[in-house]
Structures are given as C-alpha cells and as structure tokens.
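Look at the two complexes coming up: chain A is in both, with chain B in one and chain C in the other.
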Partner chain A sequence: MVKNRYIARINCLQPIPCNPCETSCPFGAIYIGEDITNRPILDLEKCKGCGICVAACPGIAITMAMITGDAKDFVSIPYEYLPLPLVGDTVVLVDTNGVDLGEGLVEKLNRPNKKDPTTLVYVSVDNTITDRAVGIKRKVASIVDVIEVVNRIEIVDPIICRCEEIRESEIIEGIKKGDRTVEAIKRRTRSGMGLCQGKTCNRLIAGIIARESGISVGEQAPSSKRPPVGVISIREMSEE
Partner chain B sequence: MINTELLIIGGGPAGLAAAIAAGKYGVKAIVVDENPLPGGQLFKQIHKFFGSKEHKAGTRGNIIGQQLLIEVEKVGAQVMLNTRAFGIFDDNIVGIVSGGKSEKVVAKKIILATGASENALAFKGSTLPGVMTAGAAQTFINVHRVLPGRRVIMIGTGNVGLITSYQLMQAGAEVVAVVEAAPNVGGYDVHANKLRRAGVPIYLGHIVIEAFGDSEVCGAVIAPVDEKFQPDLTRSFTIECDTICFAVGLTPRIELAQMAEASTTFIGALGGHLPLHDNRLKIGKNIFAAGDIAGVEEASTAMEEGRLAGVVAAMDLGKLSEDDGNVEIELINERLSKLRSGQFGLKRAVAKLEIIKQYDELLGRINNGEE
Partner chain C sequence: MRILNHPILGELKDMETVTIYCDGMEILAIRGEPIAAALLAAGIRTFRKTVKTGEPRGVYCGIGQCNDCIMEVNGVPNVRTCVTLVEEGMIIKTQEGLGKSGGLHD
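Right, the complex of A and B next:
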C-alpha cells in the first residue's frame, strides 16, 4: 500500500463515453484508451496526487486519500457548493449514500484548474472512515419552512391544453366518441391551437389516447403542421 | 427579401457548430433564433461535459457556448436573434419574422437545428403555480439567477433530472425528493451519486399522483407503482414542497421539417416522431436536420451533427472538394460513434441507423415509382 502521499481513488463504474481524467493527468497515470467508454485504470506508482483529474472529472467521481499508518488519515474531496468550508472548519464526511461517517478537520483548499470553480477540500479524518469518505455534507444556508396550506385545492380534472384550457375529461370524451389522433382531438376541442401551438399538450394528448384506446404514441400519426410555427401577429405577417 | 447561401434555423449547439463548419470553407451563413440570446441550452448547462478532448470534455456548457460564439464571429456568420422562422415554402423560401415585420429568406441550403421541447406530465394539480419543467428551473437558476423555489421535487432520473437537481442545490435550494417511475435510475450513476452524497432521497418505482396547494403548489402525493406503472394508493405518502419539476424527456421540434414535406418515423429512444434523413443528415434535396430535431441526444452530439451538416452544405455549394469533404466527414463520424458507444450510447447509435435505413428504403421506393 502506498503511504504518506495522496493517491487518486476513482469511483467510475459505468461505461460512459468520457476520458478527461486520462487526458488531464500530467503524469500519464490514468489509462482509458481508444474506446472512451472503458473504465479508467490508475497506475498507483505514477499517480502523484496532484488532484488535477479530481477537478477535471465531469462526474465528480474521483477523490484522493493519503494513508498515514497513524490514527489520522487525509482525504481530498471535490466540492461544488457555496459557501466553501474554510481551513480549520470542522466538516461532516459522508459515504456514497450520504450517510454521516463523522467529522473531519479542513486542512487545505485547492483549485487545480484556476479557471474553474471546482474546489478540492483536504480533510484530516479518522483512519476508520478513510475508505468510505467520498463526500462532504453540504452546509444548508437556512432551514426552509414548509408552506402552510390554508385552503387545500384539489384539481380533479387537470387542464391538458393550457392555452385553450381544455381539460382531461374533454379529451377522454373525444376518445370515447372515436377520436384516435391528436389532430382529431384538436378539431373537436381546439387543443393545440393556442399560443404554444401544442408544444406542451400534443404529447400529453397522444399519451391519453394511448392510455384510453391502446394505440401507442408511435402508432398515432403526428399532427399536421402548417405555418406559422408559433404565434406571430397579423401585423408582423403583413408588414414586409 | 434576403438571399443567402445557407440559412440555419436555430442557434443552439448544432446550429452554431454548423455555421462555424460551413463558414471555415467560405460559406456565409445566416443563423436565425427566436430567443433573445444565442446558444440554445448551452448557457444554462453549467456542468462539465462528457466525451473526449475533441468534444471539449471537462469544459462546462456555458464556456463551450462562449467559445462557439467567438468562432461564429470569426467566420463571419450572421446571427439574427429574436427572429422566428415561421414556415418553409416552395423553392427554399423560409418566412421569418424579425423586428416586427416578416421577410422572405431565399436560401440555397437550409439546416434545421430547431432542437426539442420538454415533455410535461398531467396529474391532479399539475397546473398549479410552482410546477414547471426542469429546463425552466435551470433557466431560472443558471441564466436569470433566480431561485424558482426552496423545496423541490424532481420527477425523472434521466441526466436532465439528475443534473438539474444538483444545480438547484448549488443555487441554494433543497431537493426533497427525486421521483422515478422506473425501477432504475435513467441517467448516469455518477450524476445520481452526487445527489445520494447530498442525502437526496431517490424514490424508484414511484410516481407523483397529485400536486396540491392553495394559490401555489405546497406538496405532492407520491405512490409506489407496480410493473405496469399502476399506483398503489394504499401506500401513498405526502411530501411538502414549493416546486415540482418535470424531467421526463424531450420531443423533437419537427414542425419545419414536416412543412418541408420530410417523411417522419417514430423512434422512442430518440424522443418521438422524427424526420427521416440520409447518412449526411439530409431530409430533402437542399435541407438538413441536425441536433435534437434529428433525434434527442445531448449537446456534444448536436455539435458534431451540426458540423456534419455544415461540411456537407459547403461541399454541395462547391466550396469544398468531394475528397477533402469526405475526409472531414469521416473524422466527424468517428467522433460521433465515440459519443454513441457504451450501454447508454449504443441504443442511440442503433436508432440513428434505423432512421437512415428507413430513408434509404423510402428513396428506393420512390426511385422504383412506388411512391
């Protein structure tokens, strides 16, 4: 085991197309290769614990640890929330599920990429939690009060087409009468003929047709489109 | 009337990348965008992108947006903002509305880069104030720097839902629940882990069945579902919130492609109904589709598709030789296939091939006089 220096610990378990850890490492310590969905492989000997890959990883999936052999180890954890902890602060370390592991003392802050705000927080921790400490509990600015509901409104029949205020029951009524396309519902109810031209409701209506009639969204013909896309005034249209 | 060699509709990652790629070979493009700012969704994507170096991996979306705008200016493309392309008519004529009046644009080549719009959900109370799409919440916090609320319930665990939840916490909100109907997280584990480390509960196999409140949303009723997604109301519970976000997928904005008489197909993995295109993103003789309109993926892929359409447009316009163009196309296709690999990307790679296959079959039928 490498002792008394920081070593990267990579917690990247899925084959996602990504390799900034490999290309950012100045020491060639991380290997991914041609196929960028390969999982990174770390060369412990080459890793100098500089933290550049930690700040470069889009997934915040790399931390660092220094094993000392004493009661106190050190971990370095990327942190992207404000306010940042300060040197000398006590922070709570968490595991990968956000479970509290106990406190640690902030020893140092570092931003390996000065142009980017991702900050590495170096923390001394009890050696019993070194392996599991991958996060720092976020400081919550203030406790948010729950809004007290005075007159609870239950909207039983939601509006589907907001522009023309067409409710779900009206669409279901149309389906009962034989409508099987968004176009047919539009002709019956005016749904999709308002300001947004169906951008919100067309997909919802297709979903309701699928649910009520069994004809999947993919089997339904898309609604036809004519100019204008979106709303423009007649004045705009007529002035050249 | 405006005459141009290349009109690009949509100034997001695909549209801007197309303008740059074509502009490098001397094509003077016009980019129109209905929004007051260019960049599409890039400027609210303040997270670091995946991919490799040539995809600008590790760089935040808003920074990539700035870089694209500098390059657009360098190649001399004209970007018309607050400008809506309202229709495509015969002979490559596009109607636009800009500055209170309409104008005809006659373009030799047209690239549609209109993107996609977010899907909504409908349940009891889904129209209460405070219920919005994840993209709307992202615009609030990352573009306007305004918190839409303090206690957020996110519906959907695709990357949009996971990333937006993280960013809402970075902006100072609490994410009190992430609700997912499916039994698994849809997006990348690394994104979900950011939420797990922050102690955000992720309710898999659950749906929101009701939002309630008086003048605004004050809470949601959540229930577990069976394998047919039917909720078990006897096990429902309530979580208080002041914001509910939908991150339940996107639908390609294909209206202009439909007006250009492109044939469409339905591919669920790519967002829904899509225009058929050939292996160079052509949906018609002089018209291309690039980015989310040609299948919902992500911004890095959209940029590569924009480049592909831009290069092919430059070749068609005689600004770039077949040989040189083909070399460029090969490089773009290599980068695209890298982005479409792995357990998440492969489905999209297969779906994109399906679009091209259907296009070729249609072309075959037309050539045989069958259609």
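Right, the complex of A and C next:
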C-alpha cells in the first residue's frame, strides 16, 4: 500500500464511453485502452497525486486519498458547488450513495488545472472512512435530504411509457397473458408508440419482462426500431 | 429560479432579454435559453395535459429525448420546449392532449 502521499481513487462504477481521466493524466498513470467503455485502471506507481484527473472527470468519479498509518488520513474531493468551504471548516463526508460517514476538517483548497474551474477540497478524516469518503455534503439550509425524501415516496404502479401513459401493472398484465418481448407488449398496450418512440420505456419494459418471466434482456427477441429522431408532421413527409 | 453564478460556468452577464407569451402572459426570457428554462424561471411548471387522464406534465429529461415537455409554439403542436430556444414574440400555449395544429405546418 502506498503511504503518505496522495493517490487517485477511481470510483467509476459504470462502463461508459468516457476517457478524460486517461487523456488528462500527465504521467500516463491511467489506462482505458482501445475500448473507450472500459473502466479506468490506475498505475499506483506512476500516479503522483496531482489531482488533474480529479478535476477532469466529468462525472466527479475520481477522488484522492493519502493513507498515513495514523488515526487521521486525508482525502481530496472535487467540489462543484458555491459557496466553497473554507480552510478550517468542518464538513460532512458522504459515500457513493450520499450517506453520511462523519465529519472532516478542511485543510486546503486547490485547483490543479488553472483552466478547469473544478476545486479540490483536501480534508483530514478518521481512517475508518478513508476508503468510502467520495463526496462532501452541501451545507445549504434549503437543500432537502434527497435520500430521506426518496425513501418517503411511496411508488404505486409507476408510469413506464410516459408518452402513451402505460403503467407497470398493464405491462405485467401482458406478461401474464404470455407476452415475452417488448414488441408484444407494444402491440398490446401501445407502449413505445408515442412521440419519443420508446427511447424512455423500451429498456424499462425489457427489464420488467426479465424480472417477471426470468428471460434475461439479452435473451429476449429484439424489438424493431423505426426512428425518426425528432417529430415531424405528416405534411412535411408528403412534401418530400 | 436561474443560476446566476455557476461554480463551473461562471457568472451570467450581459443578458439580452426577449419577450415571449405563454397562454397570453408576457414573460421576459433571456436570449439563447430554451423555452422550458424561461417558463420555469417564470414559475410555470405545467407545460401540457396528457391525452388519457389529463394529468399535468412538465420538464422530465430536459435533453430532448422524452417529449414530456412539448407545447404548442407559434401554432405548431408537439414542440420540445427543452431544446427549442426562445425567439422574440413567440406565442406558447399549454398543450391539451395531442394538441391542435393551426400554424405553419397545418
């Protein structure tokens, strides 16, 4: 384990097409490779803890940590809100789910790349939370506790296809009657036939079919796609 | 409800205004912003009523994908207000259901 110097911590959970971490690193310490959807791999020896990748990551999915071996470690976290915390402030650190981990003391603020407005906040924390601390809770009175609000919402039969107003119960009804593809559900309910042409609901419906019938999304027969990308009138089509 | 000082994008300066009308109400919008942004800033959150149940809808995805924020703009129904920029004198109406076509493309 690397001790007593800052090392990047990559908290990038999803294989998405994105690579500014790799291209921004001046030391070639982050590798993504040919397939841009690969998750980044960090070379601990090459990483100098400069923080440039932390500011460059559009998903604020990179932080830094310094393990000291003592009770207090240090973390460095990108903070893209105003007002910025000040040196000496106590801040609340959170994990990837936004859950409170406890307090830390702001030691330093830095912008590693002068052309990038993202500020890094360096915080001393208990060594028990070093591995999980990836965010700083906003200290604004008017901000509601989102997790608390979300937990309070009772979701009753959510709308799946927003354009045609099809609820989950109608999809499940179709599956009970034997539908096993997004196409079959579409023919029964009109889901995916509205203005957005299934951009929002198709994947949700495939997920519901998988959940209810046990046929994974990959095994389901693909649905036909007939885009226009945007809405045009029949008249515009006829004039072409 | 506008972000006038953004931690990454900086301060909103030198704003040029245009006048738009929503259901007859005069609204001062900022040139270059989408219709949806101007309406939200004016406190308007219901952009349309759905076909089946008449429920209110407004901004959902905000990136032109879901078509939830559609309204009648200058007589044309089904215009995505989150990706359509304001123009001087624009006439915007809450869309009821599928909307009525009565403008340029009728």
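Keep in mind that, in the parts below, the second predicted complex is superposed on the first by the 140 of 240 C-alpha atoms of A that agree within 3 Å, B and C clash if a C-alpha of one lies under 4 Å from a C-alpha of the other, contacts with A are read in each partner's own complex, and residues count from 1 in each chain.
Here, contacts are C-beta pairs under 8 Å (C-beta built on N, C-alpha and C of every residue); 3 or more make two chains touch, one makes a residue touch a chain.
Because the structure is predicted, anything quoted here is derived from the model rather than measured.
Of the two partner chains, neither chain B nor chain C is touched by A:Ala210.
In the superposition on chain A, A:Thr23 makes contact with chain B only, not with chain C. In the superposed model, more residues of chain A are touched by B than by the other of chain B and chain C.
Shared-chain residue A:Arg235: touches chain B and chain C both. In the superposition on chain A, A:Val92 makes contact with neither chain B nor chain C. After overlaying the two complexes on the shared chain, residue contacts for A:Lys199 are found with chain B and with chain C alike. By the touch criterion defined above, A:Arg162 lies against chain B and chain C together after alignment on the C-alpha atoms of chain A. Judged by the touch definition given at the top, the superposed model places A:Tyr81 against both chain B and chain C.
In the superposition on chain A, the residues of chain A contacted by chain B and by chain C overlap at 80-82, 162, 199-200, 230, 235-236. Within the complex, the chain A residues that touch chain B are 11-20, 23-24, 35-37, 56-61, 80-82, 94-98, 116, 134-135, 137-138, 140-141, 144, 146-156, 158-160, 162, 168, 197, 199-204, 208, 217-219, 222, 224-230, 232, 235-240.
Listed in rising order, the residues of chain B touching chain A in the complex are 34, 47-53, 57-58, 60, 84-89, 95, 97, 100-103, 117, 119-128, 150-151, 169-170, 172, 174, 188-191, 193-194, 196-200, 210, 212-214, 216, 218-219, 240, 242, 251, 253-256, 258-259, 264, 266, 268, 272-273, 338-345. Chain A meets chain C in the complex at residues 80-82, 84, 117-119, 162-163, 165, 194-196, 199-200, 230-231, 233, 235-236. Interface of chain C with chain A (complex): residues 5-8, 10, 50-53, 55, 57, 60-61, 64-68, 70, 78, 80, 101, 105-106.
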